[in-house]
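First chain A sits with chain B, and in the next complex the same chain sits with chain C.
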Partner chain A sequence: MKKLVQRLSRRRFLKGALKGGAVSIGLPLLNVFLNDNGTAYANGTPIPLRFGTWSWGLGMSESIFVPKKTGANFDLPEEIAALAKVQEHLNLYTNFHVFQDDAPNLCHHSGWVVLRSGIAPTARANLPGETIDVSIARHIGNATRFKSLSATATGDVRDSFSYEGGNSVNTPEWSPLRFYQRLFGEGFQDPNASTFTPDPKVMVRQSALSAVQEEARKLEKSLGAEDRARLDQYFTGLRDLERRFDLQLSKPDPREACVVLEEPMDLPTGLEADLVATRHRMMTDLMIMAVACDQTRVFNMFYASAFSATTQPGYDKPHHTATHEEAVNPELGYQPYTSWFTRRAIEEWAYYVQALADFKEGDGSLLDNSFVYATTDQSFAKLHAIDGIPMFSAGTAGGRVKTGLHIDGGGSPGCRLGFTAQKLMGLEIDTWGDKSNTTSSEIGDILVS
Partner chain B sequence: MKNPWNDCFATAGLVHWKRIILATMLSAFVSCSDSQSSITAEQLDFGSPMRTRLLTADQYTNSIAQVFGEDIASSVLPPIPPMARTDGLLASGTAFVGVTSDQVSQIQQAAASIAAQVVDQDHRDFLIPCAPEAKEAADSSCAALFIKESGRLLFRRPLSDSRLVDLVRIADYAAEQTDDFYDGLSLALEAMLISPDFIFIVDRAEVAPDAPDQRRLDAFSLASRLSFLLWNAPPDEILLQEAEAGALHTQEGLTNAVDRMLGSARLEFGVRAFFDDLMAFDEFDSLAKDPVVYPMVTGTTLEHAREQTLRTIVDHLVDQESDYRDLFTTRKTFMSMQLAAVYDTPAGEGWSPFEFDEDGPRLGLLTHVSFLAANSHSVRSSPTLRGKALRETFLCQRVPDPPPDVDFSSLEDAEDAATAKERLAVHNTNPSCAGCHLITDPMGLSLENFDGAGRFRETENGASLDIAGELDGIFYDDIAGLAKATRNHPKLSACLINRLYAYGTGGPVSLRDDRDMLAGFEDRFVENEYKLPALLRDIALSHAFSHVRSVESEVKIRDTLRIKAPAERAESANALAKMEEE
Partner chain C sequence: MAFCGVGRSTSGALLLGSLLIAFAVQADESRIRNRTISYVMTDLFWSVYQTEDAQNECPRGFNDGPREQFEKLFPDYDSLSIEKTQLAQEIQTWHPNTEPDDFEFFEVEGELSWGLNLDGQVSANDFTHPDGTLGIDNEVYRAVGCIIGFRGPDGVEHIFQNKAILDEVFNRMMIELTEVDSLKNDESVVITMYRGKDRLLTDATGQKVMAGGTQRVDYRWGESLIRRFTGQIVDGVLFTEPIAEMVMPWQNLSVPSVHVFKDARFQLNLSSEGASGVLAGYADVDTWYYQLIRNDSTHHLSNGQISAISLYKALRRLADSHPDPETGNNTAISTALDVRMAQVYIVHPDIKAAE
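Now for the complex of A and B:
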């Protein structure tokens, strides 16, 4: 990856802008745009706050996952030992519960749906409400080219924990090459380019969109209520597109860390753990650059599905099968192969956190200006347990969150972390969740007072 | 299954098809002759639900290919989200899937890419039917010519005058802004490609002139329904002309149109698309096998496995017009060099007809590598997945999810079991497991002579395999027995008809509302010796396929049948009435 170097006085301010014609901008474009604290651009615009999610499948082996100690400097049992280098950047949450109430416990489904939407699903096909990233993107995602971005390390386009509604799943990027092309192909505006020329086609697109909407409104009259709602959703997407076009008519703010990467090779399909890890790292690098280039401020990364079918070469059970069929080793007290899969997931979580932490922005890093919410689908997958489901967060959300902590939830709703995340992102909500998952209680221990 | 209306049907013929459907519905109450004489025009108002479907990824690609050529179509990944498999079909999910904001932006990106290629130097002379007076300026006449024709093909119906004016205005404005006629045209085309009229297949209905209390699909909606069922593509020029001329609303015109489509080489694409969906071959998009365990199975191998089965189906059902049931016992197939290693047989370059050994273990679709590999884990076979797929895919039976509170500890004792049969036997010791596993495992275990990649094996881990089994009361000793039991299963034909009708009308069937009509189709299928083209013809020409079901008529028919309409139906009736008032 290319590095932008050379630190100049932050007081040097670049003027110019810019609708309607080519604009020359002096180079280099570094953190000259930041204030002296590195928390805002020189014109006073704060460095944007970002929200991310990360997900892994099939929970944990509690005896070697949950630290003995709570609070700071918690111990790292062997299943999460890979977090040593990034421990200072994250929090671990254990003993938080997911409640099904009168809904069935849908194996590998209820857990993640509740933690992402706050609502227990009533059937496997049921995706109630909307996911937390969608709510947050509606609030902080309107100033970027993409409202949100989702990617999966599984190579399967069906793997997503992000949805706008029951039948409207946000499709993840599943191919590194395609993801690259979407980010840096047609429509990409390099925020650090020396010149900016508004594309007259964009203005035309805006007016064309109005015509499309107007004409298609007539279509709605012939539809039933459900189809009309689907079409309304489509119109919402078109209006959103209009806003994105509007953004393209202005010169984007320079972004210190934004570099157009080289086009990646694509990868074969498959879920062998090393291949998944390679795909995860490629997608992570692209996703982080998308954030660094301010293409999006809401980003979802999917390491493994709830029914994770990740494989270990030479072992005849994929991860999910292993959780159910592998015996708990009486001497070790856990399932060795199952734990091997979980450890691989935690290694990738560590990579993800480290990559965000290594990405410089201002005086800190991308991670410092982000809050990443990481969840899974079960606690002890062998028994489809959802009590004590583990969660992580990473990042300080612009200094608002303390990190390096292990928080014991004392059996309170896991939705408290999602609620806290939404409050951190500025959503004006008093409660979040449904029935026993409802909470109005932030996890105060992690908040900077 | 003997339907009491068979005799009626045999004498009625297609002209009276719609009468027969209703007559079949009333069969519990009246005799054949009574029913026909007592049918009123009101009672004939029975059709399929109106639906708004999102194009599938293949339909998107096929639409672009049909209008602008395969090179442009293949250069763009279709910006269509994955569908939720609904009642066994992705196609049935198209009537429910929503389009997120992110997806709309992907649709726009694809539109921009397609439009730019259509007007580029390589394509404009072929795809644009005129040249502008000046390349640097707007040319309304030329723009109108292109937009009118391409819009008609993309929207699958003629553009209204006001729509045409709006789009030409966009093209002119864009040409002025960019000083380029072709850029202007591409931006107008972009607008068409992101329009819901292109992205969604919307059923539109009208009052039937000769039966004012019935609602039929308008001619263009019917044309789309026909072409997506039979070709998996939008209507071609001839079909659009037939729709414009009103021919599709006459019995003779509709019959001619359907027969032309059934006789077209494009029928293969429609049949392929349906079976690809039915057999959940979308799994192959992300399917892989552990290279350590199955080193001879690559991505190409799996692609060829999918292709082998689709070729077999098309040859058997379309080219040979053979009995659908025989797909489960036929030894005829096709072979490629890439598949030969898995089948342990020599093969030349390309695809060639192939016949499995008369005395060998392979016969029928269940023994194809596609079925065996797709319904296995990446590292081992899965009798449970295979049994589940057999039941759900071909018999339309639903295997329940495992209960959440299963005690898996007994499985641990089977860790060292040599065979899957021994492993799965422990399920039978746990009542909460046994219920489902007894549904799936007996027939899945009969396929254990094939490993997780579909290769034949005599033994598993050195242990011999007992493949005797049972399918719904039919006991057998070997794979041929399973194949025969599947072929002769009483639900096999009904399941195909259920799925095909759902596929054609864009959503799941209602077992309450459609049951008797589907039984009528099944009787015809039997009469026609289980030939798929005849079944497609019956469905395409049926009254229900071309008419939409009004809520009022459903209530009326239910009252006739003394079935009380549930409250939610009443709510829908109110909603529809309100919508129609608006």
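Now for the complex of A and C:
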């Protein structure tokens, strides 16, 4: 309790007061949030389950990435040595395949698209189906202000592995400052504020929306089938907007871990590895707070793109170029510079997992109430290989998942992990994926029986 | 008793052996329909004979690429204009010449090479096939063998060219053998080259092409690619007569182009499931070069340390056939490609089948 009270900064109190309306009296709001054993809120509402994704580019150097040992206490070869501190919180999946069937192997595209959508794309512009985060957000993301949030550490708004459909990519937050403003600027309702005043602007918008919907329903009756389908899609968007307005007009449930951060400094553009790491950590901290404040329950973090152009000071080739141009060192058995980039990515993955694990929530951590699915685009990028593509997961999904394991997929579809994730999030699906990527087989070794 | 038993057993084994041989022969011939069997190209690599450490063929190492040459040419490039540096190099790439440059070009120095004896002669400049055959003509190998981008298994040309065969259709070339009586020995068969219109039949990984697929012939845009020639099958190997000029659609990094091979011929080991061997002939030098730079930007060439500027000079220097009637300079260079094909059923439109 003392901790929570300490988190009530002067700034947050004043901000509540400046919102106008009935404010001023600071009730002791944080002493009754949780039940006695810290597994649910006092009113019985369970701590929400969250789903996250994380992505890195250009795969791995297999000989120094894949542990020799499977199961618990697996060894950490040098390329993933940075995971030592978070090993207990994650699982590593190797020897899982991405199948292209009759589709081409689209360089740096097929791998991630299959793992995120279950379907092999037929062309570079082709984004089939929808990504796993979208499906999950539809199921668990309706009670929050944002159905899902995406952020990238590349500073490039085009970098996203999340899409609703071929023409509807979920653009990520690319600037820490903009991300902060989106999260905690206009429209943010502090869940732990002592008072709540509905935003009059939202009320006006909701009224306008209701009027538009009424008009649209009248219009629908006079349309053909194709136009009705278009209108239905339009309605779906409106309903989502309506839902968000409703949420903004209701007092949010309090969230113990939610603390409004200080507004960050913005960063220069660029892809130098240290700069990307700094941006990644700032975005991670913001994203974690967005989750802790229950602004979203589905979150995507993008460390590097499939054609990762991260650079290393003193080396003339960016990551992607290095994967193709750098020769495999015959003595080492891998590409040293390319591996340097992968190691930096793994360091950031470790940071991400640690940050979630360090964030206390209830009797555990934010990570304990999450399942994070981490993927890449290739296995051996030099050859654009997609067989044996590595994946990670982190978190126990509320105690449903065992961690600290290295799982050998035995050549089975990588989509099994995505399928498992969806089942964990409560989606009622029997199979996931298309053609040879289809699976109805969860990765049972990680599930708590 | 024991003797009789052995006798029956031996007879049984002989009978079983005969049956197996018969089945094998039957299986080998089973995909022949109406004295016709067809194959679709699945792999095509420039034939580059490689030893493990390259010491045999490239004792002085590998050639520099655009990045390495750029650094040597312009050590103070920060103080120079784009026009005098990058653009100057690009201009030379697109308007190449035969004037010597400041870089020593490492040609293959070994004696062995894959390929065929195209001119029927054995001369001092020829290679020897690893099987001992003399007179192998493969000057493209001499030019590209010490450029890492052309070497397997991970050279950029090696990877992308073959990947494009699986991924694209523009380069879907196939051969149809007609008047076939046997895949073992046949004195005369007729071969027709077509371009197909369909994706390859693969296993679930998409990487292994399966026999038994179907291809429709591209009679419209691919009509100019059709070639008909004859050949013979000897001990399961198809030898074709030289084709005066073969146009081979080529695709790399999504850019379509062509190669032109003169006096081209196949030498392929045939089976019911597929064919593998070599396609050899004389490549038109200019077409060869412009295919390379059209398909690969300087960025991509850099991936394989391929200096187009230096390579053009080498190709011209090593060209060994089809002299220009006016200048006397050779316009074509001997070459060989490793070819693999999968058996396929070619479907002709009814009107063409009737013809």
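In this section, the second predicted complex is superposed on the first by the 394 of 449 C-alpha atoms of A that agree within 3 Å, B and C clash if a C-alpha of one lies under 4 Å from a C-alpha of the other, contacts with A are read in each partner's own complex, and residues count from 1 in each chain.
We adopt the following convention: a residue touches a chain if its C-beta (ideal position, glycine included) is under 8 Å from a C-beta of that chain, and two chains touch if they have at least 3 such contacts.
Keep in mind that this is a model prediction, so the values were computed, not measured.
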| item | value |
| --- | --- |
| Which superposed partner A:Leu383 touches (first chain B, second chain C, both, neither) | both |
| Touched partner set for A:Ala327, first chain B, second chain C, both or neither | both |
| Contacts of A:Gly270 with chain B and chain C, given as first, second, both or neither | first |
| First (chain B), second (chain C), both or neither touched by A:Lys435 | second |
| Which superposed partner A:Val113 touches (first chain B, second chain C, both, neither) | neither |
| When both partners are placed on the shared chain, which of chain B and chain C touches more of chain A | B |
| First, second, both or neither for A:Thr171, with chain B first and chain C second | first |
| Partner chain in contact with A:Pro104 - chain B first, chain C second, else both or neither | both |
| Which superposed partner A:Gly314 touches (first chain B, second chain C, both, neither) | first |
| Footprint overlap on chain A, where chain B in one structure and chain C in the other make contact | 104-106, 316, 321, 324-325, 327-328, 382-384 |
| Chain B-facing residues of chain A, complex | 104-107, 124-125, 146-150, 154-158, 163-171, 174, 178, 182, 186-187, 200-201, 203-205, 207-209, 211-212, 214-216, 219, 221-227, 230-231, 233-234, 236-238, 240-241, 244, 268-272, 309, 311, 313-318, 321, 324-328, 382-384 |
| Residues on chain B engaged by chain A in the complex (per definition of touch) | 50-52, 77, 81-82, 84, 86, 93, 96-106, 108-109, 112-113, 162-163, 166-167, 169-170, 173-174, 177-178, 183-184, 187-188, 190-191, 194-197, 199-200, 202, 204-205, 285-288, 290-293, 299, 377-380, 401-402, 404-409, 411-412, 414-415, 423, 572, 575-576, 579, 582 |
| Chain A - residues contacting chain C, complex | 97, 99-106, 120, 316, 321, 324-325, 327-328, 382-384, 387, 435-436 |
| Partner chain A, residues of chain C touching it in the complex | 67, 148, 153-154, 156, 159, 163, 166-168, 199, 201-202, 204-207, 299, 302-305 |
